[in-house]
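Same chain, two partners: subunit A is paired with subunit B first, then with subunit C.
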Partner chain A sequence: MMNADYQSLLPLIVLSAGATILMLQIAFRRGIVLTATLTTFVLLLAACSVVPAASSIPRLVTPLLQADHIALLFCALFCVAAAVTTVLSIDYLGQRGDQPEEYFLLLVLSTLGACVLAYATHFASLLLGMELMSVALYALIAYPDKSVLPLEAAVKYLVLSGAASASILFGFALLYAATGTLEFVELGRQLGAIPSGDLMLLVASFMIISGIGFKLSLVPFHAWTPDVYDGAPAPITGFLASVSKAAIFIVLLRWFIEADLFRYSILIESITIIAVISMLVGNLLALLQKNIKRMLAYSSIAHMGYLLIILVVSSDSNYRALATEAGIYYLVAYTATTLAAFGLLTMISARHTVRENVQLDDVHGLFWHQPLLASLMLVSLLSLAGIPLTAGFIAKFYLFNVAITGYYWILLASLVIGSSIGIYYYLRVVFYMTRWGDEQQSTLSLVNRPLARIISCALIASILLLGIIPQPLMEYLKSIT
Partner chain B sequence: MIEVLFYSASVIALLATILALTRSNAAHALIYLIVSLLAIAVLFFLMGAPFAAALEILIYAGAIMVLFVFVIMMLNLGEVGEAQERGWLSVKSWILPGIMAALLFIELLIALSISSEQTIALTSGVAVPPKEVAMSLFGPYVLAVEIASMLLLAGLVGAYHLGRRFIVRREGVHEGGDS
Partner chain C sequence: MSLLILIAFLIVGGLIALFSERINEQLPRWVSLAITILALGYIWLFCRQLPIESFSVIPNPTDGSSWLIHLRLEWIPRFGIAFELAMDGLSLLLVVLTLLLGIIAISSSWVEIKFKPGLFQANVLWSLAGVIGVFLAMDLFLFFLFWEVMLIPMYLLIAIWGHEDKAYAAMKFFIFTQFSGLLMLLSIVTIAWQAAIINGSYSFSYFDLLGVPFDSSLAFWMMLGFFIAFTVKLPSFPFHTWLPDAHTQAPTAGSVLLAGILLKTGAYGLLRFCIPLFPEASMEFAPIAMALGAAGVIYGAVLAFAQTDFKRLVAYSSVSHMGFVLLGLYAWNNLALQGAVMQMVAHGVSTAALFMMAGALQHRLHTRDMNQMGGLWHNAPRMGACAMFFAVASLGLPGLGNFVAEFLVLVGLFAVQPWFAVIATLGLIGAAVYSLWMIQKTFQGEPNNELVMADFGVREMGTMAAMMIALIWLGLYPQPVLDLAQPVLDSLRVFLVASPQLGGVS
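Let's turn to the complex of A and B:
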C-alpha cells in the first residue's frame, strides 16, 4: 500500500489507533471522565481526519475498500454521532454498573465497523464491518448490569442478528459460486453472463434481502425492533437506530449501484412491496404505543421504508444521481433527528437505574419545568413528522420530489398516508409535554449538566439549520453524486 | 470416483447435522456435530482445499468441541452424572456416529491414494496450498485481517464485561464486598 492509500483511510486508522490507546488507558488507569474525554477526542479527530483524506480520493484501496466522497462523508457523520452518544452517556452510565469504561471502547469499535461499511466494496469487508458493528453493539446493549431488560434485549438481538448474518453469508456464498468473485464491480460484470432467471441467483438474492431486511428492521423482518429498542440503554438505542441503520443502508446502496443490480426487475418489485408494507405497518403499529421508545422503534421501521424509495427510484439511471443525493440527505437528517430524540430520553432517564422514563406519562408537563429539553424533543419530533423549518421536512420533500419525477405513484401514496399517520402520534407526545399539571414533576429528577445543555442546543441548531438553510449540504451532495 | 466420494461425504454431513439437531441429549448431539464437521472437512479436501480441511478439523472439530465437552462435563457432577455418562456409552448410542466416522476415514484414505491430479479435478483443478492462502491473506486482504483483529477485540472486551457481572456477584457472596 502506498502513502496515498493510508491517507485515504485516515478515519479508519485514527479510530483503530484510538481503540488501542483507549484499551491501554483503561488497563492502566480507570476513570469515566478520563475515558469519555479521550473517546470524544478520538472520535472528533477521526471526523476531522476526513479533510486530509479527501485530497487523495477517489481511490480503490486493496480490493476491499473504496475511498470516495460518500464514504468520507458518512465516516464523519458516524464519528460525530458517536461523539454525541459518548457525551450523552457519561451521566447515564455513571449511575449504572461499576466499570463503565469499556463501554466507550466498545462504542469506538462499533463506530469503526460502521465506517468500514461506508467504505466497503467487497463482500469480505461488508461482512467484517457489519459483524464488528453488531458484536460491539451486543455488548453495549447488555452493558448496564443493574436491570434485566438490557440483557434480554441483547440476547434477542444477538440470536436474530446472528441468524441474519448467517443468511447474508449463505447468500454471498451462492453468489460466489455462481460468479466466482466477491467484488461488487466485478460481480456486476459477471452477472451479465448469467441469465436473469437463474435459480441460484434467485435464492441468493432472497437470502441476502431477508438478512439485510432484518438489519434494517423492515417489515416482515421487524419483530425484534420494539423489544430491542425498549430494552437497550437509551443512548445506545439512539446509536443503533441512527448509525447502524445508515451504515447498512449506505453499503446496500453502494452494492446495488456498483454491481448494477437494478437490472433485475423482480428484485426491484420485491423491494417496492417491502417498502410499502414497512411504511404502512410501521406507522400503524406506532399509533398503538404508550412507550415513547417503542413508538420510535415502529417509526424507525416506517422511516426505513421511506428510504427504500431511494433504491427503487435509482433503478432508472436518469434519476440515480438525484435519488442518491436524496438518500444521503435523508440519512444525515434522520441521524441528527434520531440522536436528538433518544438524547432527550437519555437525559430524563439518567437517574433512574431500574427502569427508564420512557412512558408517555413521564414527559407529562415537561415543557413547563424543562423548556430546553422539551424543545429538543419538540424539534426532533417535528423533524421526524416532516414539518417545515426542520431537517425532516427537506428530507421528506426530497423523497416526494424523487418519487414524483420517477412516477412511482404507489410508493408516493404510501409515503403520504404514512406521513399523515405519523403526524398524529408524533404530535401526541408534544401534547403530553405541554399539558399543565405538576403531579408528575416530583418523579423526574433531571440532569442539569452544562454539557447536556450544550449538546441539546447543538442538536436543535443542527436540525433547524439543515431545515432552514439546506443549500450548502445540497450543493455539496450534488457535486459528489 | 471422486463424485462418489463427494456425494457420500455430503450425505453423511447432511444426515449427521439432522441427527445433531434432533437429539434431545446434548452429548449425543455433540458427537453428531463432530461427525458433520469431519464430513465437511472431507468435502473441503476433495475440492482442493486441504488447508481449509485441516483448519476445519483443528478449530471446529478440535478446539471448539473440546470447549463444549468441558461445559457438559462441568454441568454433570457427582454420582448421578457418572451413571448418566455410563448410560451414554451403550453400543446403541455410539455405533452410528462410529460407522459414519469410519466411512469418512476410508474416504480420506481412498482420496489420498488416488493420484493428486484426479483428487482435485472436482472443481477448479488447482489445490490451494497453505502458502498461497497466507500470500493472499497478507497481500490484497491484509485490511480484512486488521478489521478481523478489531472484531476479536470487540468480542473479547464484550465477553469480559458480560462475564464479569457473575464473577463480581460470586465474590460479593463470599467476601461481602466488591472487587
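Let's turn to the complex of A and C:
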C-alpha cells in the first residue's frame, strides 16, 4: 500500500487508533467526563480527517475498500452523529450504571464499523463493517441500565440480528459459489454470464434481501424494531436509528450500482413491493402507539420505505446520479432529524432511572414549562413529517422529483398516503406538548448541562438550515454523484 | 423588496408580540394591532408611489416585470427555484383584505384570550404572514411552502386555544389540507419535470410554467391535484367536512381568519394557478366543477338550516357561499369572474362579522347552542341589530356586497350553464331561510330573564360598524374593487379562449 492509500483511509485509521487510546485511558484512569471528552475529540478528529483524505481519492484501496467522495461524506456524517450521541449520553449515563466509560469505547467501535460500511466494495469488508457495528450495538443497548427492558431488547437484537447476518452470509456464499468472486464490480461482470432465472441466484438474492431488510427494518422483517427502540437507552436508539440504517443503506446502494443488479427486474419489483408495504404498514402501526419511542420506531420503518424509492429509481441509469444525490440528502436530513428527536427524549429522560419519560403523557404541557426543548421537538417532528422549512421537506421534495422521472405512480401514491397518515401521529405529540390546564403539572426535572442544550440547538439549527438553504449541500452532492 | 419586507415585518412582529407578554399581559394585543395597522399603512405607502395608470394596465401573465411589483431572488438554483414574489391588482386586493380581517381578528379576541396572549397574537400574525405569502408567491415551490407553513400557526391556534373538541378538529383540519397539499406538490413536481423536459432546464416559476403544453392525459391528473388541494381549502362539497369542526372549535380569531381569508386562498389558487396552468383540462372538467359548486350551494344551505350550534350554522353557510365562488370561477366569463372576486371579499367581511358575533355570544353565555338562546334582543339591542344586519347581508340583500357578488355570478353563469344557475338560485332561498331562522332562534322571541348579558361595548361596536360600512360600500359602489381586479381577470382570460362551454358574454 502506498502513502496515498493510507491517506484515503484516514478516518478509519483515526478511529482505530482512537479506540486503542480510549481503551488504554480507561484502563489507567476512570472518569466519565474525561472519557467522553476524549471520545468526542477522537470522533471530531476523524470527521475532520476526511479533508486531507479527500485529496487522494477516488482510489480502490486493496480489493476491499473503495475510497470516494460518498464514503468520506458518510464517514464524516457518522463521526459527527456519534459525537453528538456522546455528548448527549454524558448526563444520561451519569445518572445510571456504574463505570460507564466503556460505553464510549463501544460507541467508537460501532462508528468504525459504520465507516467501514461506507467504504465497503467487497463482501468481506461489508460483513466486517456490519458485524463490527452490530456487535458493539448489542452491548451498547444493554450496557447503561441493568433493568429488564434494555436486556430484553439487547437479546432480541442479538438473536435476530445474528440470524439476519447468517442469512446474508449464506447468500454471499451462494453468490460466491455461482460466480467465484466476492468483489462487487467483478460480481457484476460474472453475473452477466449466468442466465437470470438461475435458481441459485434467486435463493441467494432472497437470503440477502431478507437479511438487509432486517437490518433496515423493512416490512415484513420489521418486528424487532419497536421492542429494540423502546428498550434501548434513548441516545443509543438515536444512533441505531440514524447511523446504522444509513450505513446499511449506503452499502446496499453501492452494491446495487457497482454490481449492476438493476438488470434483474424481479429484484426491482420485489423492492418496490417492500417499499410500498413498508411505507403503509409503518405509518399505520405508528398510529396505534402511545409510546413516543415505539412511534418513532414505526415511523423509521416508513422512512426506510421512502428511502427504497431511491433504489428503484436508480434502475434507470439516466437518473441514477439524481437518485443517488437524493438518497444522500435524505440520509443526511434523516440522520440530523432522528438524532434531534432522540436527543430530546434523552434530555427529558435523563433523571429517571426506573423508566424513560417517553410516553405521550410524559410530554404533557412540555411547551409551557420547557419551551426550548418543546420547540426543538416540534421542529424535529415537523421535519419527520416533511413540513416545509425543515430538512425533511427538502428530502421529501427530492424523492418526489426522483420518482417522477420514471413516473412511478404506485410509489408516489404510497409516499403521499404514507406521509398524510404520518401527520397524525407526529402532530399528536405536538398536541400533547401544548395541552394545558385540566391535568396535573408534569414533574419533569432536568439535569442537563448547558452543553447538551447547545448540541440540541445546533441540531435544530442544522435541520432548519438544511430546509431553508439547501443549495450548498445540493450543489456539493451534485458534484460528487 | 417591499413585498419581502412586508412578510418579514409580520413575522418579526409576531416575535415582538410573543416576547412583549413578559412585560405586560395586555401588551401583545396592542403590539399585534399596531403591527397589522403599520403593515396596512406600508402597503398604502408603496401603492401611492406607483403611477395611478399602472393599476389599469393589463399585466402580462408570463412576465413578472409588467406587474405592479415583482421581486426575484435566486434561492435553490439546483432546481431552478427562486424566491419570487409579485403583486397585481388581485393580490393587492386580497392582501389588503387579509390585513383588514387580521385587525378584526385581533379585535375579536381582545378579551377572550387569557392563556399565553403573547403566543396567541404571534400565531395570528404568523398566519397572516403565511396567507400573504400565498397571495404573493409566484414560484410554485415557494407557493407550496407558504401554503403549508400557514397551516402551522393555524393548527396551534385551534389546538391550544380551541374549544372542547379541539384535538379532533385541529387534527382533521391539518390532515385534510396536508393530504391535498401533497397531491398538489406531486402535481407541481410533475409539471416542473414536464417543463424541464420541454425547456431543457428546471424552473418552478409561474411565469415559466404558464403556457407550457403539457401532455394532455397527464395534464388532466395534474389539474386534478391542484383542484383537490384548492377545493379542500375552499371548501367545496364533498371535501368540506373538516370545515364545520375546525370553525366550531377554533377560538373566535381563528374562525375569523379561517373563514375570512384562509378559504380565499383556495379560490385564489383556482383562479391564479389551476385554471390558467391547465386550460384545456380545466375546460373539460368545468361541468363537473360547476356541478360540485352547485351541489355545495344547496348542500351547505340545507345543512346550515339543520344546525343548532351557532358557529356550525355559519360554517355551513360558508360552504354554501363558496359554492358560488366555484361556480363563478368555472363559468370563466367576465361577469362571473367579477362575481367570484367580489364574493371572496364580501363573504370574507360578512362571515368574519358573524363569527365575531358567535364568539361574543359564547363569551357572554358560555354556549353556542341556539336552543338555549332566544329573546336576546331585549337585553342586547345593539348586538341584535348587528346580527340582523350581517344575517341579511349573508342572505344576499340588495344593497350589500354579497348581493352584488352572487348576482354577478348568477348572471355570468346563466350565459354558460343556465340549469346550474337555476339550481344555485335555489340556494339563495335556502340562505334566506337559515339566516332568518338563526335570528329568530337567538335574538327574537320571548325575552328570557335568565339570559342577561352585556351589550356590545365601544370596541365591538366600532369593529362591527367598520364591517357594516365595508359591506354597504361594496353593495352600493363595488366599482373600485372590480376595477382593481379587472386587468388581472382580462389577462388570465387569455388562457382560455371562448368555447361553447366556457365562453359566453364578456
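Here is the rule we go by: the second predicted complex is superposed on the first by the 472 of 481 C-alpha atoms of A that agree within 3 Å, B and C clash if a C-alpha of one lies under 4 Å from a C-alpha of the other, contacts with A are read in each partner's own complex, and residues count from 1 in each chain.
Here is the rule we go by: contacts are C-beta pairs under 8 Å (C-beta built on N, C-alpha and C of every residue); 3 or more make two chains touch, one makes a residue touch a chain.
If you're wondering where the values come from, they're calculated on a predicted model, not measured in any experiment.
By the touch criterion defined above, A:387 lies against subunit C but remains apart from subunit B after alignment on the C-alpha atoms of chain A. In the superposition on chain A, A:434 makes contact with subunit C only, not with subunit B.
Touch criterion met: A:145 reaches subunit B, while subunit C stays clear of it.
When both complexes are overlaid on chain A, the residue A:423 reaches subunit C alone and has no touch with subunit B.
By the touch criterion defined above, A:41 lies against neither subunit B nor subunit C after alignment on the C-alpha atoms of chain A.
Contact with subunit B, but none with subunit C, is seen for A:99 once the two complexes are overlaid on the shared chain.
In the superposition on chain A, contact is made by A:129 with subunit B only, not with subunit C. Residue contacts after overlaying the shared chain place A:206 against neither subunit B nor subunit C.
Considering their complex, residues 75-79, 115-116, 141, 144-145, 148-149, 152, 155-156, 159-160, 167, 170-171, 174-175, 178-179, 182-183, 185-186, 189-190, 193 of subunit C touch subunit A.
Listed in rising order, the residues of subunit B touching subunit A in the complex are 140-144, 146-148, 150-151, 153-155, 157-162, 164-165, 168, 178. Interface residues of subunit A, counted against subunit C in their complex, comprise 368, 382, 387-389, 393, 397, 400-401, 404-405, 412, 416-417, 419-420, 423-424, 427-428, 430-431, 434, 436-437, 470-471, 474-475, 478. Here subunit A touches subunit B in the complex through residues 1, 16, 19, 23, 61-65, 98-99, 102, 105-106, 109-110, 112-113, 116, 124-125, 128-129, 131-132, 135-136, 138-140, 142-143, 145, going by the rule given at the top.
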